[in-house]
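The letters A, B, C, D and E name the chains in turn, as written, and every chain counts its residues from 1.
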């Protein structure tokens, strides 16, 4: 960890820190601003009159007598039963991630270990598939789903999300698998593994960083998806994002933006925990010492 | 029971020929050593037997059964990889135990087997370590232990001792030999070390650039090399080879005249082994200035330069002389090997 | 009370939530609802199946044509006769003599202004857009507000709607009578655009990104004194948290304005109503009708909260102050938003092609020519031309 | 790997894609060659809350008969592809003939919806993609060099642009970059121009969209590269150190080549995603200044009268566009692939 | 110019000691060989010199300058890794050229230098290949060429020949030695092969479990091993060691009686080398039944079992006997080494 080779000279350290700090500021500022603003009223949050209102909460104080208010949170969670959507989202996310990873790692592994020409064409096809705008796909599903009476249910949305995301998962895992030395599977096969066992017992443990990262993206996709969930789920099964969209209103009708903001902020907290938890897995590079050459 | 037949197998990558037309039957329980210079196709041959590489041509038969299309796991071979190929996420113990686990061998016997294998390669202290925390030789020993822990029909070992020290090497070598006998398995062993080849092999295959040069018992190969390549490759130091001309049973070249040889007249290559010749005070067949001298511990190696080729003989460890001094070397004619100057093929007997 | 399944799809604003909840009060069979902003994309596929997933779609006069075009809703005449005693005559949407939908609420855009500011400069609330311009100039010149006019001119559905208003105000007809041929590249069209451009001079320079939400936000922040806004948004405009007191106090509404000396106000009238699907059994249709009629029975207006949710068309509705604008619009002879099969295409074409003109990148004629060309291409594809 | 093994491994994912992507794709392509039937219009009297009016409507019986005859609709071949809403060949040809000079030609060209969208889409794609890859890589390298304890938190915060729902995220940013928002004000302060408004001018709006694009996608590149960095072989790095490589050279010659498959992957995905840019345009209400192909599709599908054929056609054109865009990368992948077998 | 001083350096991982208190000055231009069993800390020592591993304790000085905090690239060393550590994305040519490129050496000289280095290790045919397409030995040669292509102050080589065949090994060995002389660089060379150590080294360091056992010239180490470990480790076959008792100048144990030794009475370990003893017809100091016989090619190895330890001597290659036959071995007392039975330290001289 700390040999002369890995120690950094001071100027480099400073440059590094400066860069990371600037980036963090850029990345987190809008969110922190939102977090702060979620305890304000809409007028302060958007602060059209004077941007400092967002910090001081002048209008919030006028209405609520204090510069902070939990009205947005109260509205979203208590009044609008946002927790229902959270549960739905949790359900969708868990299943999407698990299914995606299961079938995606199998496929990605096969693609990375087979040298036949069709592999390339499969990869290209997957890529072309991904090029289709999801909204077109979804509008194509609707008549069929209504016909089959599967429209509106969580499992349908899960399957659709998994399928739509497969090209991405496949490519990503394929790229990760490529970097794992072939000798590992070979040795496992000689030791008596079927291809599948070699995959499960030897490759997957080494692949954790890749799998977890891919999982993270599958998760974010399911979590952030609007195109599919808004069109395929019925109101009772709605996930967070369509619910948040509903808080925002439409041209002719009033929404409640602060509910949306509060919902967004509170939905980020579990992600924080999740990322902290999984970063260990991402960090642990495991190929060291596997093979020489 | 495992007799392996390799029927004219070849491996090509594009135009490059890795193994060319390899044809051999490895008898059941035979200990076969593949020997040859770096890059001659030893590993490739072994990988084809294991099923890790498809033969471009030819059939591989185990006990008369064509196995070209069988998966490695169904060929019941154990293999030590030249590059170790350890499982980086498992510790040494689990690495060794892995083949037992995946083959569904009764778990209650695992511990004993693993400990026996690890003791054999002196790894007991390191069972809890991950491969990344091991030295090169230790990793190689893990790979070895992993191969011997179960009892397969065929052992494939690709330079399994190359990173071990002499002492460990000798003892492990003995253990491998012993094991292969005891388990009565067919063993294919790749090495670049001829001592290893000599001591272990029932038969040795000498390869060069993908082509088999000679197949035979260690003594055969040592005593009757089929061509000048084998002659120069086997033995340490290698056989001395000199180009010269035969005329009337006498071989002559710079500084050299050896009589009483039976071969047709014309250009030939003559070879003899360092230990078959002696440094004598005078009257030797070779009389040349000393080119270098090396101290070997138990002997001194005296080298002269004849027609561009270096010729070495062992002298007593107390022998002392200066470079450029003349030395006389006795080469008994019955210990000489003659090879065709063009094809390199052995002449006579 | 009912004997077969009811399933409603519709938008999700509070008034429709009320209707949905009302329908669900019915017992005897399952009543489900799916109220979402994306209802327009779902309702058609959801009613095309046989049997249809949805037995009823809540729509507006702009969106009923999509269902009509695809022939997925059924005439309601016999059901009205059987169960529709509580419905007023004007709630029934009759197309070609058949009742196809039952309306329950109305909407329109009209003037929203800051009384205090108009008082300050001493003018009456404008009756015409020309007055509005004059008032805006005064407000700006007096340094009260730099950009006193608000408008939902976002370069999407909103700007097209504002054009429609203005175009109708100038007496324009979108189509050549009785055909689907476009007719916006006319004098009225050019004038409408020029008026919009004139108004935009008094708007926030970002006006092309302001939809009605953003425009309302401007008003609440006290940056805007005059704007044309939806009646449905009036009730909540200043009741949300944190609106400065002077805005709350100064908030006032009036009827829609006219333009260019025309008599028809530069606005459109809208209704929301429900329909019954065609591809369902008669029992389901009846159950649906019963449930929906129950949902909009006059008794619901007894709740104050519900009464203020919309401008109801239900018997017994007393307009609240916030509803005055819509009422005034109706009374001033405003025209309804055209209920034509190809109006949607025109609206889309307008959405896409007007921004260039507003930014001064091309002439009004060119913009309208582009609109017609875009519309024609779309209408040809859809088979209207 | 044997064909059979491959087949079983690939089956689940292949099936999912076949059913949910390939099948709809076929129907999309079909749809782009068909248009709805000619509508038979009749004039009728419509009554509602606001009185009665003569209006046209569709004659259902007549239309139903047409539908019966040709359930797929009218076959129009490439008509939809060539009409004004798409490739607009007639209009382009005309513009070419009538224009004095290239400037005017392009002026006319970019007045056509498809080409206007294309111009922004391509600019956005080609500016965003390289920049975000570079940024993502820089962040990954920096974070990787941080202390272990700090990494988790930094990773989380770096992910925020991607985590915060685009729907709300872009709305929040929309207000922040408003001329009276916090960033808008900051920029006015920086440029010393109190009238600066990002939303009122097209070039600034393009810039904002591109910056947003980079900002929101850099975390993706970052995380992928970061995970890839964990598998960089340590001894190769050490060898480079011994050989005298500076830190930068180690990155240049060891790390980047090792990450190359991932760079290709990120480039592919981002080229594609950027080519389909949509959310920021809606979020920033930027359609007056910038439109994209996806935005056109959304617009066609979202109207009161859904234009399915038009949307299908634009979708197919998008796919073709992506294919053209990716072809250099694909050719490279193909070479590598061939080299490997 | 590069004199390397290692001042009591140690390396620990947690409680595990990899290298313990290593103290040595490597003279300028010296060729130092580190020898020891697998896992004894050779690689670790070398990595500390290179700067790839921090010494837990102690200082490393190059030319009197403390370099502990210098980066590897600033230490101007070239290293051959035990695990090769090639750049997988670069072909052989570029792999070898890499150090020249990153050190900003005049590009016009690159081609020549690379070709010279690759010719030295016989890689010319493979310059365009990627490492993955090479055999083990070929990879190792690339690693070697990469180290020698530039002319550093210090060469560090970690078992650079372990995967080469005997022939190539001999020639490469000679070239390394030559190069190190020609370039006048300080070389630290790790090997487990004592022949290599003997032929190459100016001085040999024998290590065991992280601790230095003996430092000396090859002859010193061979002729006067500092303790029984070194004695048993150096030489092939290893020195024969027997436990026994001294009394009055006579060593005795099972089957054995050796006179005329000078050591105090008490238990000792006696050692002698195989080549110092001869099989005689009768009257030898050891008279024991044959345990095994091995054919070595140039000789026959006869092994007997004495007090549990195996004792081997070389007989002529024509010597034939049956297992269990009695054999008599002559052990000259002046060639015997005596070690303390407890500490293993050398007794006498």
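Here is the rule we go by: contacts are C-beta pairs under 8 Å (C-beta built on N, C-alpha and C of every residue); 3 or more make two chains touch, one makes a residue touch a chain.
Please read these numbers as outputs of a predicted model, since none were measured by experiment.
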Checklist outcome for this item: Touching both subunit A and subunit C we find D
Item to check | Geometric centre: closest chain by C-alpha means | outcome: A
Item to check | Chain pair whose interface holds the most contacting C-beta pairs | outcome: A-D
Checklist entry - So what's the Cα centroid distance for subunit B and subunit E, whole Å? => result 21
Checklist entry - For subunit C and subunit E, what's the span in angstrom between their mean Cα positions? => result 91
Item to check | Whole-Å separation of chain centres (CA-atom averages), subunit C against subunit D | outcome: 32
Item to check | Interface hub residues of subunit B, defined as touching at least two other chains | outcome: 71, 83, 133-134, 136
Checklist entry - Where in subunit D do residues touch two or more other chains at once? => result 178, 233, 238, 241, 258, 301, 306
Checklist outcome for this item: Note: subunit A residues in touch with at least two other chains are 5, 46, 48-49, 139, 195, 245, 248, 257, 286-288, 292-293
Checklist outcome for this item: subunit E contacts subunit D in the complex at 50-52, 71-73, 76-79, 81, 83, 85-90, 98-99, 102-103, 143, 146, 150, 156
Next on the checklist: For a test of understanding, state which residues of subunit A touch subunit B in their complex under the given definition.
Outcome noted: 181, 183-184, 186-195, 197, 201-202, 205-206, 286-293
Item to check | In the complex with subunit C, residue positions of subunit A that touch it | outcome: 40-44, 46, 48-49, 59-60, 62-64, 69, 71, 139, 142-143, 145-147, 149, 151-152, 230-231, 234-236, 238, 242, 245-246, 248-258
Checklist outcome for this item: Per the touch rule above, subunit D residues touching subunit E in the complex are 233, 235-236, 238-246, 249, 253-254, 257-258, 260
Checklist entry - Okay, in this complex, where on subunit D does subunit C touch? => result 35-39, 41-53, 55-58, 60, 63-64, 74, 76, 79-80, 83-85, 91, 111, 113, 174, 178-179, 195, 197, 199-200, 202, 284-289, 291, 299-307, 309-310
